[in-house]
Structures are given as C-alpha cells and as structure tokens.
Amino acid sequence: DKDLYQGNDFAGVVTGLAWTSVGGEILFIETSLSRGKGGLTLSGQLGDVMKESAVAALSYLKANADRLGIDYRIFNHYDLHVHVPAGAVPKDGPSAGVTMATSMASIFTQRRVKPFIAMTGEITLRGKVLPVGGVKEKILAARRAGVKEIILCVKNRKDVEEVPANYIKDLTFHYVDQVDEVLGIALLPEKVNNPMNFVFPDEKKEKEESGFVTMTV
Amino acid sequence: DKDLYQGNDFAGVVTGLAWTSVGGEILFIETSLSRGKGGLTLSGQLGDVMKESAVAALSYLKANADRLGIDYRIFNHYDLHVHVPAGAVPKDGPSAGVTMATSMASIFTQRRVKPFIAMTGEITLRGKVLPVGGVKEKILAARRAGVKEIILCVKNRKDVEEVPANYIKDLTFHYVDQVDEVLGIALLPEKVNNPMNFVFPDEKKEKEESGFVTMTV
Amino acid sequence: DKDLYQGNDFAGVVTGLAWTSVGGEILFIETSLSRGKGGLTLSGQLGDVMKESAVAALSYLKANADRLGIDYRIFNHYDLHVHVPAGAVPKDGPSAGVTMATSMASIFTQRRVKPFIAMTGEITLRGKVLPVGGVKEKILAARRAGVKEIILCVKNRKDVEEVPANYIKDLTFHYVDQVDEVLGIALLPEKVNNPMNFVFPDEKKEKEESGFVTMTV
Amino acid sequence: DKDLYQGNDFAGVVTGLAWTSVGGEILFIETSLSRGKGGLTLSGQLGDVMKESAVAALSYLKANADRLGIDYRIFNHYDLHVHVPAGAVPKDGPSAGVTMATSMASIFTQRRVKPFIAMTGEITLRGKVLPVGGVKEKILAARRAGVKEIILCVKNRKDVEEVPANYIKDLTFHYVDQVDEVLGIALLPEKVNNPMNFVFPDEKKEKEESGFVTMTV
Amino acid sequence: DKDLYQGNDFAGVVTGLAWTSVGGEILFIETSLSRGKGGLTLSGQLGDVMKESAVAALSYLKANADRLGIDYRIFNHYDLHVHVPAGAVPKDGPSAGVTMATSMASIFTQRRVKPFIAMTGEITLRGKVLPVGGVKEKILAARRAGVKEIILCVKNRKDVEEVPANYIKDLTFHYVDQVDEVLGIALLPEKVNNPMNFVFPDEKKEKEESGFVTMTV
Amino acid sequence: DKDLYQGNDFAGVVTGLAWTSVGGEILFIETSLSRGKGGLTLSGQLGDVMKESAVAALSYLKANADRLGIDYRIFNHYDLHVHVPAGAVPKDGPSAGVTMATSMASIFTQRRVKPFIAMTGEITLRGKVLPVGGVKEKILAARRAGVKEIILCVKNRKDVEEVPANYIKDLTFHYVDQVDEVLGIALLPEKVNNPMNFVFPDEKKEKEESGFVTMTV
C-alpha cells in the first residue's frame, strides 16, 4: 500500500528509500512551515540517528542559505516540521539525509520536486554525500513504486552494478558526491502551484531597529 | 458506559473510533483554548505516536490556516489543550489523526461538529489521510453508540465491504483522501451557540509595532 | 488520623475521597496562589494521571473564566500550587478531578467552600463529570470523617443505591453531570474571611501598552 | 561527629531531626540568598518527597509573605539555595517541612534562630503541621547533641509521653498545629549580626514602569 | 602521569586530593570564565554529589561576594565552566568542595593560587568545612606529586596524626573550619600574570536603566 | 572507505584519529556556523565524554578569544554545529579534544587547515594537552589514509618511539603540551577560499544601546 508512488505535487514532499529486515521500501519525507520563531519538530517515530540527520541537513541549509537561494529570514520567522509517515512505524539510520535536505530545500524555496525521482544517502555537515547499505533492495522497491530516477552516492555505484541489468534497465541513476548536486537534480527551477507567501517583519523597520551590517573577518 | 453517544454540542468535541484488545470503542477528542502564548498541552495518557499525531494535526492547520478560515493570531495568543477521556486509560496509535485535526479545526473556527458522526484515520503533514486497522470492530462500536455517519480513508473501503451488509445498513460512509474533505464533511458551516470571543492585541498597534509585510519569495 | 474531618475554613482546601487497597479515605486538596507569572506546581507524590487531571481542571477554569467569575489576570500574574497531603504517600488516578477543580475555583474566586462536603469524580476538558470506582468504600470513609454531603457523578447513583440504607441515612448525595454543578453546590457565594487582595499591573497602563481588543471570529 | 550541636549563629541555619535505619540524628538545613531572578536550588541528595516539602514551604511563605513580614521583592530579585549536609548522604521524607520553612523564613527576614532548638514535622500548603514517625529516636539524638527545646506536631504528643521521663527531663517540648506557631517559637525578634542588605530595583521607578495597583476581587 | 605536580600558574587551577579504590590521587579543578549570562557548565564525568558540591560552592561565593572581594557583576555577565580532568574518569563525592570553592574564587578575583598546595574537604552552604575520608591515602598521593602544604578540616587532624611521622615530615598541614580560612591560605594577595579584563555594561547607564537602590530590611 | 584521506579544503573540517576494538581509524570533525543566538549542536552519536570534550574546547576558545584572533561577537550571533560522520557509528572518549578545538578555531577564524595533517589528544579547560591511548594503531590508520603529519601530546612521544621505524619514516610528528601549539601548527595563516562574511548587529548602535566598558578588576 505505502509502496505505491504518490506523486510529488507539494513543496516539501520527497521520496526516500529505506531498507528494513523485510526488504526495501519507499518512504515520504514531508516538511511544512508555519509562522513561528525558528522551532523544529520531528515526528514519525524517528530514532536518534535519523533525528541527528535532520538537524545536520538543516544546519547545512542554514550555513549555505545565500548560495542556495534561501531567504534567511524564514529560519527566524517560521517553524519547520519534518514528518515521515507511517506514524506508528519506528525509523532510524542516516540514509534519509539527502532526502531530508531536499525536502527542506523544497519547502524553503517553494521549488517543485522532480516527479518520479527517489534518493538515498547519508549527508555530512559540509554537504558531503556518503554511501549507504541495502542499495539492491532499495532499487527494487523504487522500481515497484514507479520511480524512474534514483540519486545515490558515487561510492554506491559498485552496488548498482551488481544488480542484474534487466531489473534496472528502465531506471536512470545519478551518482553524486555533494548535497548541492542532489538539489540541482531533484528540485526543478519552477515553483509549486500556489507557493507559500512568506510573511516577515517589515524589512526597513527591522534594519532600523537591529541595525545589521555585514563584515568580513 | 463510555460507549454511549454523548452528542457533539461543544466546539472541539469530536468522536473517534479506537480498536483495543477487547474490541472497538468510541472515544471523544476534546479541545479547549485559553488565553496564553501558543502553548500545547496533551493529556489522557497518550502514547508517543498519538502525541506526534496531535502535533502533526496542529502543524497542518497552522500551515493551511488562511485557506481553512483560521485566524492565525489564535496560534500566538491562545494555549491549546487536547484531552482524551477516560483519563486513566492509556491510548496510542496514529488512527485518531483525523479526529484530532477536526477537533482542533472546530475550536479554532468555533464551527459546530455535525451530529452523530465519527471518524478514524491517520493523517500526514501534507493532509493526506492514511488507512487504519480494526475497521470492522470500530464500525460495530460506532453503531452501538448511535453513530450514523463514519469517515474513513478511501483505502479502508475494502474493509467496510467485508462487513455483513445488515450490520451497516443504517450507516453512511464517507471515504476520503485528504483532511480537507474530512473537515468539509464533519464541520457544519454554522458556529456553536455562544462561540468564544477571541481577544487579540490591538491590530492597528500590532501592525505599527512589528510592521509585518507580505512577500512572495 | 488523617481520616478526621478538618474543616474547610481556607479558600482552596477541598475534601476529596480516595480508594486504596486498604479501603476508602478522605484526602484534602490544597491550593495556594502567590505572585508570579502563571506557573503551576503540583506536589504530594502525584502520579501522571492525577497530574493530568489537575492540568485539565485548570484548563477548564481558564477556558470558562468569564462565566465562572474568575479574573483572568490571575492566571498571568500569579503562580498556582496544588498540594495533596500526606506528602510521602503516592497518589494517582482521575477521581480527584472535581476536587481539584473546586479547590482551584475557590482560590481563584476566594469563595468559601461549603462545610462538611466531600466529592469524587473524573472531569473532562469540556467540564463533564465521569463516574469513578470504589464508591462504597469512599462513602464509608467520608461518614467516618464527619462528612455530611457528597457530590458524585450521576452515573455513580447506582453504586450508592447498593450501599445498605442505614450506612447512608445521615448523608446527602448530590448527583451531577457537569463541573459547573459541582462548583454551584460546593462553593458558597460568600468570600472567606480575610480574602486575598490580588495585585495586578495598572489596568489602564496595561491596556495602553498591549492594546487588547475583543473580536468575534 | 555530625551529631554535635553546632549553634545557630547564621540566618537560615536550622536544626532538624531525622530518623534513619540506624536511629535518630540531627541535621542542619542551610539556606542562602544571592542576587538573581527567583531561582530555587535544592542540594544534599534530597529525594522527591523532601524536595516537594521544600517547594511547599516556599509556596507557603510566598502566599503569606505580607503577614509574615517578608519583603515580597526578595522572591523576584534573589535566588534561594537550600542545602542539607552531609552532601553524600541521601535524604528523603516529609518530616523536614517545618525545618525548611523556618530556615527560609529566617533568611528572608534575617531574624536570628533561637539557640538550642530543633524541630520535626510535615507541613501542608495551608501551613498545617502534620505528625511524623520516629519521635523517640529523634528526641534521643537531639538530647545527645545538646538541644534543649523541640518543636513537634500536637499529634506527636502521645509519642513523647511514651518516652521514659528521665530521658526528657531536661527538654522543653512545644506542640504546634500551624507553621506560624513554629516560626513564632523558633525565630527571635532580633536580626542576626551583620544582616544582609537586600538590593532591589528603584522602587519609584518600578512603580512607574510596571504600574501595579491593588485590587480586592 | 597525572600524579605529577603541574604548578598553579593559571587563575582557577587548584589541586585537590581524591581517594579511589586504588589509593589516593591528586586532581586538578580547572575553572574558566567567558562572556555570557551567568551560565554554569560542569564537566569531567562528575557525579551528582560532586555537581551539588560545585553548585554549593558557587552559591557560597555569590552570597558572600562583597566580603570576598568579588565583583557581583561577573555572575551576571560571564559564564562559568568547571572541568576536572581526566575527562574520561568518572568522579564523585563531596570532598572536592573546598577545591571547587578555591578554584572559583581564584578565577573571580584573578588572585594567584599558592604554589605546592593541595586541599580536601566538604563544604556547606554557610561555608563550614566538613571532614572527609581517605586522608592517609590522599596525603601519600600529595607527597608523591610534590605538594608541600595541605589544607584539611580540623576534624581530620586525628587522621593525620595516625600517619607515621616520617611520611609527613616535609609537609605543612593547615586545619580549618571555614571556607574563608581556606581562601585566606590558598589564594595569594597578588593577581596572576595577565589577569582577565572583565567587561561589563556601562555602569552609569545600567544604574540609570535599572535604578538599583540598597535597602536594609 | 572512510579511511581514505579526503582533503581539508573547508574551514572547520579537521582529521582526528580514533582507536576502536578493530584498530585505528581516521575520523573527520566537521563544524559549521549559521546565524543564531549562540546555540551549540553536537551530532554523530557522540557519547557523554566526547560531548564534554567539545564543550571544554568551546569554553577554551571563548575564554581566550581575543588572544586567538576570534571575534567574540560570533559566539553571540551565530549557532555552532559540530558533527562527526559516520552518523550511525557511536563515538566516545576524550581523545578528539584537540581535533574539536582545531575545527572550531578554523570555523571561527576561517583559517585554512594545513593539508595532510591529523591529530589526537585530550584537552583541558586551561588548554593543556593530555596523552591518549592507541597511539600505534592510530598512526597506522593515519598512514593508510595518506596523512603526512601527526600532532600528539609530548607525553605520547614514548608510544611513537615504540613503533618500528619503517612504519613511520614518511611521517612528521609534532609533540605539544598546549592547545595553542596545536592551532599554530594545524591552522595556516591564510583564509579558506570564499570565507564566510559574518554579520553582526551594527557595532555603533550596539555600543550605544548596551554601553559596554572595559574594566580591570
């Protein structure tokens, strides 16, 4: 049931690939923003490692906001919620890192996620993508769900090459080394339909009040 | 005793359906608002999964407040309390998600809940309704309690079709895919008697002080 | 020793009825207010369910403050402490709900508690009173302690009717469905001797500063 | 060693009586104030019940500050620390309640503690003193340490009467029902040598800024 | 290795004496200050009792700041960190109390610690020094490390007298009853080389803004 | 895979040496800064001792900011995140202390880390470097990964001398006693390419508003 591909029509919904004791599965990382003060909520019975993954993804996006086209004020004036259905299924591990980062980048930029794409890979704080396990099982699950493109760490290429060719002939693989490559592939340049209108304190007033200046150390 | 239908005369009281080791049961999700600063209290011996369900329901309503006719200022100037009697009975699982969302939407909009309706279904952060278990037992419990309409995930239709027809001949079923459909069915357009008067900081002053402007990214 | 009735001369001291493995007992819910910022302290080795009970009682009073004649500013400018002696005896369960609500309402309004009255019953967030167990044992304990009136949920009437008539001939029973009925019975219209003088920030100044207005949604 | 009476020359040092598996013992409750924002620190490996005891004592003093001659501003502008040596010995139970209250009242008023006095008794939030166990053992320990007066709950009188007369012929007993009686006996009217000079924000300014008014509800 | 005496050239580094299952050892209490808001960090795998010891030492210094020549503003405008190497070795117990207090007093006053001195003793909130165990083993460890003077509680004198005279003929012992005596012995009147320059908000402005006045209660 | 040397092109990425039950390994400490309020996030399944190590490293840099050329305002206006991949591998122990300190110093100063260098050593709060275990295994791991220079505590020199000469003939060893020496060796004077532009509140305004002055105690 949850293995059916459900489309990526919303900002902040990205397809990941999980590997459990009973085989591969697709999962959906959902991210939403609501007006607030920079809070972060993680739900879906996520384990410690997966939570740290989400926090690292957020730190990466914050530290590289300008370059990635993210309005920094969102981090201060909105709350972020990351949820991974199904709500009762415990989930853990670092392999959803790239999916978390893509989901967050989509909601922050309101850019549309490329359809029929899935991904798996650990990320580090400097944006490096690390290889993960269970690649064969994840590929089979993605294929069953109608996924057409898969993003993986370049170091997982050897695992793909061990999958019989006829299983993967309809799939396109993207091998990456950096989160930025993932975002370039998975996020389309266009915005979703009905993008959020972000609301911030009056820019001019804020500048007057807090008087920020830019300095190079 | 607690299986008796008790009416839905208050804003924020919605009937859910639970499935325990001893069969199906109805339960009431109660929600109240009091002046505060956006706090959230959950009570009734709720487990982790059910708490995350409530938080996801709230995030959904916050992220879609404008579209759903909810005054965003309530989130900042009121505290929300969600309680599920009976207070001593531990409860868990994601299936009260739609009920939580409906209860909160009712208190935020002060719209009356449709009488004799019950519901069960997991929700996700983007407002998708997911199927749940124990449908047959839940239907029987709802019927015993005098419920006349039941809202379920469209993927639970097959479970309803397995219930002998004479058990369900008096019941109307609504099959949904999105929380918005649930709210459209379960919340009447009219307000409850004696609706709350929400009190906010003076709008004009607030605008002057914080100077919010709306921008499209 | 603690089964002796001790009078109800202070605002915020209300007699409840507990049921333990060794029979029924009376207990005293004590509530005090001191200048602060809306904090809540619960003590007396209270278990999770009993703590949630206290929080639900407070939410009910906050959400219905105007109707109940409670000055809302007390919630923001005072700290509330609820204590249940004896301090070393662990206590739990939802049945002190009505007692908690009455104790808090008494301290907030400074209304005198009716003498020789005791009560037991769970409350819900919308103010409904639910039935509890151990009614026979609780009645016997109340009688031993000199209690003359007892408030119970209407659904506990059948439990009272099973108690031999000669045990209860001196007792008056009040059967209720709503917390408001409890407060109407247990709180006298007059204030306690030497009622607290609540101190608030200057009303006019506050209005100027925060500029609250009332709106109907 | 720690059973030697050490004098009560400092504000906030009061002698209590403990009862352990190896007999009675005296203990010293020490309280200190330092400029801060109303924080409370409890140390000395205190158990849950004893911590709740301290919090109840503080709530009692706050709620009755005016009547007890305590400047309310101390609660907002100072941090309170209660410590019970020896630091490595776990301690628990409610019987230090009166000692805690007396120690705090002494530091708040800077009144000198009566010399050669000790006490034991649970307190409740409304200032009632409840009886405790181990009275015989506690009396013997007090006597060994040079204590000359002991404050007890009136309900502990019967326990004293069971102690052979020659053991207690040199001791004066005070039987009390209320914390206020304890304070009246144990705190001398005079201040300690070199009392603390409390420092508060400028009273006139504060009144202007926060504009407090007194109202009777 | 860690038993070698390392000099006391920095403010806030003081030598303590520990007693473990394998004998006595010296340890170093390190304290540092950095600009902040009065935070306290304790590290070095310290147990509950040792942490409470540090908090009591700090409360003592705060409550007696004026008398001890400590600028009270440091407590509000700096964060204090206390660390006890080696970082992986769990440590507990109250006997480092005097060492903690001396280390903190040194960093707050920037006074130099006397060279070749070590100490051990519990402290209480009113500054009393209590005796500790393992005195013989601690003395031997101090001697091996090159320590020349040791500060102990006066009640530990009898333990020193049991150590064979030839083991301690090169050592000077200071027997104390109060923390103030410890500080008088262990802290030299002169400042360390390159003392910290404490930075505070403009004194005149602060006075204007917060308008503090001194009152005697 | 993770044993391959990956270059040190980013500020805040420093190579450490770990010792596990299966031998030595290199690991990368990654540090990032994003605009915030002085928060600290530690991730990578770090144990208590390793977390305390990070906090001690940060306290050292804060307490010595001026001398180390770190703009103190970064501590107040940025959040620091330290991550140690791989995210699912639990890590503990104090030996990454020097690596943590170097990684943080690099991100705070934006100075480039020397290429092909690795390090291991505990640090203390006053900046002392302590010896660690597993030196032989760590050296072999560093060599396999292409490391050319290794920084160690001077007290680990004897451990290096026990490694057969032909294993270490291509390696340069730096023996240090203080963190400052580590930073002097591992951080190049030049900045990384595209250094961060730190953004602070307007210096002039800030000075006016908070009015800081420098005083020597």
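As written, the chains take the letters A, B, C, D, E and F, and residue 1 is the first residue of each chain.
To be clear about the criterion, contacts are C-beta pairs under 8 Å (C-beta built on N, C-alpha and C of every residue); 3 or more make two chains touch, one makes a residue touch a chain.
No experiment lies behind these values; they were computed from the predicted model shown.
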item	value
Target chain E, source chain C, minimum contact steps	2
Co-neighbours of chain C and chain B - touch as defined	none
Classification of the chain A:chain F interface as same or different, half of numbers criterion	different
Chain E onto chain F, rotation angle from CA fit, given as a multiple of 5 degrees	60
Cα-centroid distance, chain B relative to chain E, in whole angstrom	58
Separation of mean Cα positions, chain D and chain C [Å, integer]	29
For chain A paired with chain C, centre-to-centre distance based on mean C-alpha positions, whole Å	50
Sites on chain A at which at least two other chains make contact	none
Ring walk, chain D to chain E and onward	D, E, F, A, B, C
Residue ranges of chain E touching chain F (in the complex, touch as defined)	1-2, 6, 10, 12-13, 28, 30-35, 41, 43-45, 71, 79, 81-83, 85-88, 109-110, 195-206
Residues of chain E touching chain D in the complex	48-49, 52-53, 55-56, 59-60, 62-63, 65, 72, 75, 93-94, 97, 122, 124-126, 128, 130-131, 155, 210-217
